[in-house]
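Following: one structure in structure tokens, then a few remarks.
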Amino acid sequence: MGSSALKHNSPKSPRQTRSIAPFLLTFFILFGIWLLLSGRFDGLHISLGVISCLIVAFLSSDLLFTSSETKGMTVTWLRFLRYIPWLLHQVFLANIHVLYLTFHPRMMDLIDPEIIRFRSKLKSNISLLTFANSITLTPGTITVYVSVYGDFQVHAIDKPSGRPLPGEMEERVGRIFSE
Amino acid sequence: MNIIVIIFLVLGLIFFTGGSVGIIRFPDFYSRLHPAGKLDTTGLLMTMLAAALYTIQDFSTESLLTGLKIMLIVVFVFITGPTATHAIVDAGIRAGLRPWTKKEKAD
Amino acid sequence: MDNLFLYFGIFLSLIMGLSLYRALFGPTVLDRMVGVNAIGSKTTALLVVIGLLYHRVNMFVDIALAYAMLNFIAVLASSRYFQKKKNLHEEIGRK
Amino acid sequence: MKWFGFIAVFLCGSLFIYGTVEFPGWGDPLSPTSTHVSPYYIEKTMEDTSVPNIVTAVLADYRGYDTMFETAVIFSAGIACLFLLRQMKRKKTDFRLYRHTATGITFRIEKGGKLPPTAKEFERIDGLWTPYDLIIKTTGRFIIPFIQIFALYVIAHGHHSPGGGFQGGVILGASFVLFAISHDLRSALNRMSEKLTAFFYTLGVYIYAGTGALCILLGANFLDYSALATILFVDPVTARSHGILIVEIGVGIAVMAVMVILYYNLVSAGKFDEGL
């Protein structure tokens, strides 16, 4: 368990050899972003864009992709897109809850902050990051600490907020990254 | 169309107000982060949705790109907002601030 | 519609004043950081609304995006800096 | 003492406000500033340089000499920080620290000792308190390329949008600072070493001044970009716009490198051993 979870931890130093696939993938993603940002499609700006994307891809392609992660990328991203509406719905519910707490006159009686600990079964860094940020965005909970093995410490604002963790959200995040 | 824009603007304003009032009313540093982190992010989402809808009303390539750029801000904030919140919490824990709880209050 | 955006901007600035209270009088440094972070995310929204007011959204979007990025890095850097301060809880006791 | 400061600030502020009474009205078309050179810039910029953003044209073309020395000021700020803070004699520590990434247990290995070669789960750290944070590290990994492409976009689109070398350079430098924060100073130095930074901030100023000198060699005045038309194979007006772009790139490189060197020096107090 340990070695597989820790594979992507340290970024490779630039001197190590790189494969060409992540480089090209980074280049095309960045070029899409460039076209969106620029909005000018004449020769000068397009060629500037190609040069800039080459520079950034050379500088940072090992940050965006580590070589083992490129397989099955598209399926993961499609599943991630399907996760977003559910997450937005949860975020909206969470905000209504916090808004209710904020404007409640006897707020001090309602809240009961505590720190919850649990162990998640997710393994890779990216799924842990998605889960941790989803926790921070949704009902009354903030991720305090995550270890590489998936030990979470979560600060919850009141009892009903912290109870459903890890629960459904972990299931869904696990399904995205097929773990 | 304008009505939808107005509804989104007002919703965004409500969330922003909630965030600001929350960080004054809540008792300690950790609980203040809940309104600051969540309500502001959602307020931004609502406001940006309104702005993007208003921008792409007179439809052209440029206005479409501008609307997409506005949504790019939302994506960026949705990734970085929780991370910033987490960074502040982490700083609090490492600096040795103890979370406020009800039991301590009762003693 | 322009008037609506104007009122929205003014109200947003007033709300930022509320967050400024926490940034000025927060008992610990970290409370101040919470206030500053809250002001930052409101400023991002305010910049886009100002762009709508001047009918130059395509320009102001760039500024807002740059501001959001620098705000994120600033919060990250200052939170890392204040981790080193081990005596934050004493600061509360002194007040 | 607090009250004394308050009174002093209050007096100075009142003096400033009293001074502004004499200013011409805001947006007054007859005030000296808007009758002298401003109309020339507003009317002639497009036909002189074909740059839609007047501010960029004034900054890098009409007032290019000023901007060159602004870049030089930033360069000297970097050099001054280097001289004041950098500790040239490095004190070698005779032990190394390794941390088990999962549990946070730290090993201190004295000189001559070695980790077992199978220990992949240990990372070398700089100081005992160096924090490890999975969320910030992973977010940094995903965000940095997009910040960098945005910075290059800002540099390249100085003609059309509010941007240019200074702003883009700051954002580009901030992306490297974010890398140093989200990982640690050691890996940041691996990626962008001190020597490379020094090379870049010299290169930035050199590009700016070199463009001006090239104009002299081609028989025009210093920083008169229309002389570049013969090398770039375009007409003189477009050459001025391209000259502005070249100069902006130089400014961007210089500002980026100075940002990074300032961060490195300030954060480790010139010792280059540990970051934030």
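Observations, loosely collected:
Going in written order, the chains are labelled A, B, C and D, and every chain counts its residues from 1.
Quick note on the criterion: a contact is a pair of C-beta atoms (placed from the backbone, for glycine too) under 8 Å apart; a residue touches a chain by one contact, two chains touch by 3 or more.
No experiment lies behind these values; they were computed from the predicted model shown.
For the criterion of most C-beta pairs in contact, the winning chain pair is B-C. Between chain A and chain C the centroid-to-centroid distance comes to 23 Å (mean Cα coordinates, whole Å).
The distance from the centre of chain B to the centre of chain C, with each centre set as the mean of the Cα atoms, comes to 11 Å.
Chain A and chain D have Cα centroids separated by 29 Å.
Shown for chain D are the residues in touch with two or more other chains, namely 131, 135-136, 139, 142-143, 146, 150. Taken residue by residue, chain A touches two or more other chains at 37, 39, 132-133, 143, whereas all remaining positions touch fewer. Residue positions of chain B touching 2 or more other chains: 21, 33, 41, 62, 65-66, 69, 72, 76, 79-81, 83, 85-87, 90, 94.
Pairs of chains meeting the touch criterion are A-B, A-D, B-C, B-D, C-D. Chain D makes touch with chain B in their complex at residues 131, 133, 135-136, 139, 142-143, 146.
Of all the residues in chain A, the ones that touch chain B in their complex are 36-37, 39, 91-92, 94-95, 98-99, 101-103, 107-108, 111-115, 132-133, 136-137, 140, 142-145, 155, 157. On the chain D side of its complex with chain A, the touching residues are 101-104, 120-121, 123, 134-135, 137-139, 141-142, 144-146, 148-150, 152-153, 156-157, 160, 179, 183, 187, 190-191. Chain B contributes residues 14-15, 18, 21-22, 25-28, 30-31, 33-35, 37-39, 41-42, 61-62, 65-66, 68-69, 72, 78-79, 81-83, 85-86, 89-90, 93, 99-102 to its touches with chain A in the complex.
Within the complex, the chain D residues that touch chain C are 129, 131, 136, 143, 147, 150, 154, 161-163, 167, 170-171, 174, 177-178, 181-182, 276.
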